[in-house]
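Both complexes below contain subunit A, partnered by subunit B and then by subunit C.
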Partner chain A sequence: MRSYWTKRVLGAAAVLLLVIAANFFLFRIMPGDVVSTIVDPRFSPEAKERMREVFGLDLPLGRQFVIYVRRMLTFDFGISFLSQRPVWDELKSRVPNTVALLGSALVLSSALGTWLGVKAARKRGGFTEKVVLLSGSVSFSFPSFFVQLVLLLLFAYTFPLFPLRGSVSIPLPEAGAARVLDYLWHLLLPAGSLVLLGFGSWAIYVRNLMVKTLGEDFILMARAKGLPDGRVLWNHAFRSALPPVLTLFLLALPGIVSGAVLTETVFSLHGVGKYLLDSIMGHDYPAAGAAFYILGLLTIASNLAADAAYALADPRIRVGGRVQS
Partner chain B sequence: MAFLLILAVAAAGPPMLPGDPGRAVAKPFAPPAWSGGDAPPPFSGAITPVSREITIDWKWDAPENLTLKGQLVFDEDSPARLVWTTAEGDSFTLATFRGGRFWEVDLDARDMAFKTGLGIPPFASATSLLFPGRGVQTLSLEGPAPSGGSLGLALPGGRWGLLGTDQRGRDVLSLFIVGARVSLLVGISATLLASLLGLSIGLTSGYLGGAADALIMRAVDVLLSIPVLPILMVFVGIWGKGLWQLVVILGLFSWMGTARTVRSLALSLRESCYVENLRSLGAGSWYILYRHLLPEAMPVVLAAVSLGVPGAILAEAGLSFLGLSDPRVISWGRMLHEAHGFGAFTAGAWWLIIPPGLGISLICLVFLDMGRAIEEMADPRLKGGGGR
Partner chain C sequence: MIPRRFLSLILFLGLILQGAAARADFDVSTVKGPHIKDLYMVIYRDPDSQMLALQKGELDVLGDIARPSDVDRLASNQEVSLSISRGFHLFFMGFNLRKEPWNDRALRQAAAMAVPSRQIVRDIFSGYSEPVDTYLPPVSPYYEPDVTVHEHDPAKARQTLAEAGWKWSTEGTLIPPDGDRPLKAVKLLSPTAQVAPTTAEISNRIAEALKSIGIPLSVEPLDFSSMISRLDRHDFDLFVMAWSLSRDPDSLFAFFHSSMDVPGGYNIQGLHDPELDKVLEELRWAPDEEAAGEAARKAQRMLSDISPWIPIYSRYMVAAVRNEWEGVVSTRSTSADNLWTLLNMRPLQGGERPVLWCLSEEPRSLNPLGTSSAYDWQVLALVYEGLIAVDPETLGDIPWLATDWKVETVDGGGGPHTRLTFALREGVRWQDGLPFTSRDVRKTLEFLKEHEIPRYYDNVRDIERIDTPDDHTVIVTMGNVSYWHLHNIGGSPVFPAHLLESIKDWETWQPARETHPSEKGLTNLVGTGPFVFMEYRPGEFVHLVRNEDFWLLGGD
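Moving on, here comes the complex of A and B:
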């Protein structure tokens, strides 16, 4: 168990270091003066020289990198060019929105996909299976933002059921419960579209896995013992298929983060993905670097959470034996 | 089959298009000709010696413009005039003829003289005065009957073409055909680059085995855990929005899948008998890699290319949609970006949103189909190559 965790944590640290290094080096190999990536280019040349000293840009590169790593780990991201305020202040309000979108989309699409996949595997050739196979193969080729644009057109314009944009209404509703409801109302279409796009591939994968598992001997044994169908299905077959499903979860996470960027743009949500886009378009390099770092951090954190779930699901890891899957 | 059709359209379509797709052809956000709803279709009629009255049953919004051009020949020398009667019963005199033999008429509803003749200020819309509502509007010639000539009445429609126009008045069908090119070009080039990278790295890693292989695979795992779109965005932000930069960036971040598959193939092949035979005959590693393992890996790579193109096309579409692509280049993702950012939703212009998206999906489906077919063909060969 310990070796499993150390390997995983080391891996996460490696990815984190890579993200920070990417941020550091990418913004420095840009054409032009390095100072313009940290200091607002509208400053006078004298001010820029002074800033060069203040930000330690005349130090050797190695030392600069160490300082940079320390700053990233303490969430000290510098001042945004566009708003002249600390970047972390801007990001603070956006991170919860992105987490809410990502979290709800992930949980709902994996839950729905898994449930449908198991149902489809149970009744081969049934209606559920046909729906699952069709939606899975189709959702892979439709661009996610296109589906979201169409949904937005249909359900916010043609039939005005949902808001056209934003995370919350302007003006904000008064009472606490009304605010929560308003937030959920704004979140429904974005998260719902992500679930719609995502559940298909989940369901197909789970269905294939379950079909294979249900053909194994131990299932036959369980049925021969007289166990009820539901128990055989969930407690035995699904339990055995769970680790690969969680591995899929892990592999899907970076994709979900990318999807969140597009979703936040389509629905104009107040999140980190849209902030990344706005800062890149506005050449606001401190903000862009910070937003990218936060997104990378979210991916790494959810990877570790998935690893934890994997350890719970696969007892062989806890016991410390070798995992053959 | 569908693939060849797409190639044909992409390659041959743009040169066949009349005019420049970047040119405005009609009013902005004009709906398609076959589904305009309230937008009026084009109308033309004529006043001739035989029919001295044009009756129009108007069921739409007021047209953008009205032109009346032509010449009438009269034998008698007496005054005449053109009268317009609206559905609500008002009549307006559009033009008067003081007598003579030839009457040249050249009226355009946008002319200030025309508007002052109707009694409205120069910046008001003459057509909304002449078409106050739905119903029957009439243009009639009062006076003596002409003996020759004709006057043509033309009402340009508010609709256009097969797919309408965008926010700059450009024909969407032309944009669609030109956009196919970019999607295919970027998708295929980026995937070829990625497959080349993946093939070399995968073959090397699988053949070397041991520590080198473990290191490379660890690097692949780390690279796979970076969210793709954000890093693509950062690269575009730093490097610029050009088309070829996009291809290189996409290629640099999609080679991992191919590398993994090729690597597992190389790992299994390297233990096989025939590679051992080659080595005992004195064959060097490079020879084995390039003359034997490479051809063995080609079917897998081909399948990976065909399955990877949809990913590259979707990535390019995503980046264009966010606005991170060359603004001078028309691509389907860019069309969706302009639809989202320039008011297609407020105008309800579905024809700007549905065609590019469906185009992208169609191309992806075709490539996926092809990829699966290639995979099925490749599979028996994979099984055969392992244990020889």
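Moving on, here comes the complex of A and C:
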């Protein structure tokens, strides 16, 4: 058991080093740099060269790599080329909004989707199953920005129940409960749109798992023993289907930090997604490198958490090669 | 039934006439403001959200409206007034003159005749852009209309080529005069349709037009970085690009002088023409405005013959303001989203209410020394001011922090020099209460030069000496002669000397986040301008309030 976890942690460390190296080299093999994207006749070639010196882009690549690795390992991500602010400060100002939006959307859509998926599997051909299949197809078929723009038009413009933009009102409400309520009011429409777009795929996934599980012999055995229907469904079938659902949920967790570019743009939210996109497009190496490094760390941590969660979710599974049945 | 594109054209002409009537009685010298107390620059990134917010009244002013459909929609909205002005924008197709066959002038001129620029602009922009034939936008005070125009005429294009010795293969592909093989397939570098749909469409139309005279051309869509990288490496045949320019025509030097054909330079097409170089040097180092204007016009005439680009169009700038406001300032060359509007506007019904102004991107750093973001400068330009300003109607120089100035060419060691003498306005105070003096101007220029700050590098690098004989006079002697030194020095923002001295690292200076050392409620973002910076809430808004000590404030 201990050797299994030692191997997993060592493997994760190796992946992390690869992520660090890839972050550095992938951005540098992209054509151009942050200075070359300045196309303005008021910036002479000499002024642009001076800018390269300011950003340290005139240093040899090896030297830049050493500085970069040291920064990543000490979590000192340096100064953003574009904003000239510490990258940490930039991320800190964006992560709460993104986590609140995508975290709430993930929890709600997965919970709703799972519940509907189980209900759909329980009664094949019923109303719930039809709803699940239809909502899954619809959410896959429509581009998210279109759905969100329609929702914005309907519920923020035609029927102005929600604000058009942002996470606070202008001018700001008084601090305290009024500001918290104001924040939640701003969050409702974007988060709701993501739940609407996301629950269908969860529901279809869980439904398919449950349909397969409900056809297994041990379910027949449970029913033959006269166990109540609800107990068979939730304690036997769902518990058996839970590990892959849990894995999917845990692997989706890093996504709540990486942001949602289109949602942030449509609802004018200050989040990580747009920042990440702007950093990549603007060749802002410190910002993009740090953001991908943190995402890499979260993905690795989520993978390890998923392994651990398997064992908790299903006592038959024991990591390290021994399986009890 | 009138076709839609003509409806747009009629609508546009109506707006221009309406705007001309509205601005007939506008006089810069009558402006005394600002009258508004609170200004929120609200961040809306999505154009659809911007439109909804304007129509719903959650925005008062929206600038840079680029989609013709949005202009049409707003034009029929009774609650909103539109303003349209010519913009300092120029879109063109360039050739790589370093390589064959593009070094052949006859081929370039024939290509210009083959491209139906006017038709393309009419089809794509429905009247909201104007076709151009020269190398400065029509709004420029130095625009030269009397140039060789390569009118759309495919038959004449073929005739020009035939006269220059070009032949056609049996498949219709051009064969160079001194060769016997048809031209190889070539590419036109263009941004992708996802990023710039109209540009991509124009590129396709250009490619079709050039194919029709035998140039085997296709479009190569690229992301912006890849395209710039290819252009920097000179790895291209043809490219499309747009420049956002200023009122000064010395950009012609940057685009076409042979010394600018260097890495990071803007002579992308690689034009080397000694005759033109001479004229561009006359422009760059002109001792006065008259000489500069003459050189700029001559350069445009020469360029229209050389044809290193095919100029295509210049975009109109469209802005919308809700009708609850009066005093909006728009001219033929400045749309309503400008400083003058902010100085002059007030609620139609009287009383006080904040102005909600759209900022279509996040400010980056609000560091006036380091940022090159236009969105940062939308905010910073309300706080910091220069010695001279630009008249929104004539685009001429008008007094600002300097009430008067003199441009002289004087003899000194090593040849003639431009000497600029500014008489500073008296009674101006920094927003933290200290008086504005010649020391602030000197310290600012010295700071910018000493630290070689990229944004101001070209403005101040030729400064040789700065004298401040008294608190209200600044004399700046440059190391060479150029009329443009006046705009470079006079147009640079002035920073308070007492705060400049406390800056440890200009690159990471965050004045908007630093508490002012002595004035409660202020940050270190302190200027002499009409608005005082109060708060930047990332992703949401920038809040500014009226500077109650502003020198132009006349009271209501």
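Some observations on this one:
FYI, the second predicted complex is superposed on the first by the 189 of 325 C-alpha atoms of A that agree within 3 Å, B and C clash if a C-alpha of one lies under 4 Å from a C-alpha of the other, contacts with A are read in each partner's own complex, and residues count from 1 in each chain.
The definition used in the following text is that a contact is a pair of C-beta atoms (placed from the backbone, for glycine too) under 8 Å apart; a residue touches a chain by one contact, two chains touch by 3 or more.
Values in this document were obtained by computation on a predicted structure and should not be read as measured data.
In the superposition on chain A, contact of A:153 is made with both subunit B and subunit C. When both complexes are overlaid on chain A, the residue A:300 reaches subunit B alone and has no touch with subunit C. With both structures placed on the common chain, the touch criterion links A:14 to subunit B but leaves subunit C unconnected. Of the two partner chains, subunit C is the only one that A:269 touches; subunit B does not reach it. When the two complexes are overlaid on their common chain A, residue A:283 makes contact with subunit B and with subunit C alike. In the superposition on chain A, A:292 makes contact with subunit B only, not with subunit C. Of the two partner chains, neither subunit B nor subunit C is touched by A:223. Contact with neither subunit B nor subunit C is seen for A:179 once the two complexes are overlaid on the shared chain. Once the two complexes are overlaid on the shared chain, A:47 sits against subunit C while remaining clear of subunit B.
When both complexes are aligned on chain A by C-alpha atoms, subunit A residues 30, 149, 152-153, 157, 164, 265-266, 281, 283 touch subunit B in the first and subunit C in the second.
Contact residues of subunit B toward subunit A in the complex are 221-222, 224-231, 233-238, 310, 314, 317-318, 321-324, 333, 336, 339-340, 345, 348, 350, 353-354, 356-357, 360-361, 364-365, 368. Those residues of subunit A lying in contact with subunit B across their complex are 11, 14-15, 18-19, 22, 26-27, 29-30, 137-138, 140-147, 149-150, 152-153, 157-158, 164, 251, 253-255, 257-259, 261-262, 265-266, 273, 276-277, 280-281, 283, 288-289, 291-292, 295-296, 299-300, 303.
Listed in rising order, the residues of subunit A touching subunit C in the complex are 30-32, 35-51, 54, 79, 82-85, 93-94, 97, 149, 152-153, 156-157, 160, 164-168, 170-172, 265-271, 274, 281, 283.
Within the complex, the subunit C residues that touch subunit A are 38, 40, 42-46, 48-49, 52-53, 55-56, 58, 224-226, 228-230, 232, 241, 243-246, 251, 254-255, 260, 262-266, 354, 356, 362, 364-365, 367, 370-373, 452, 454-455, 457-458, 461, 507-510, 537-541, 543.
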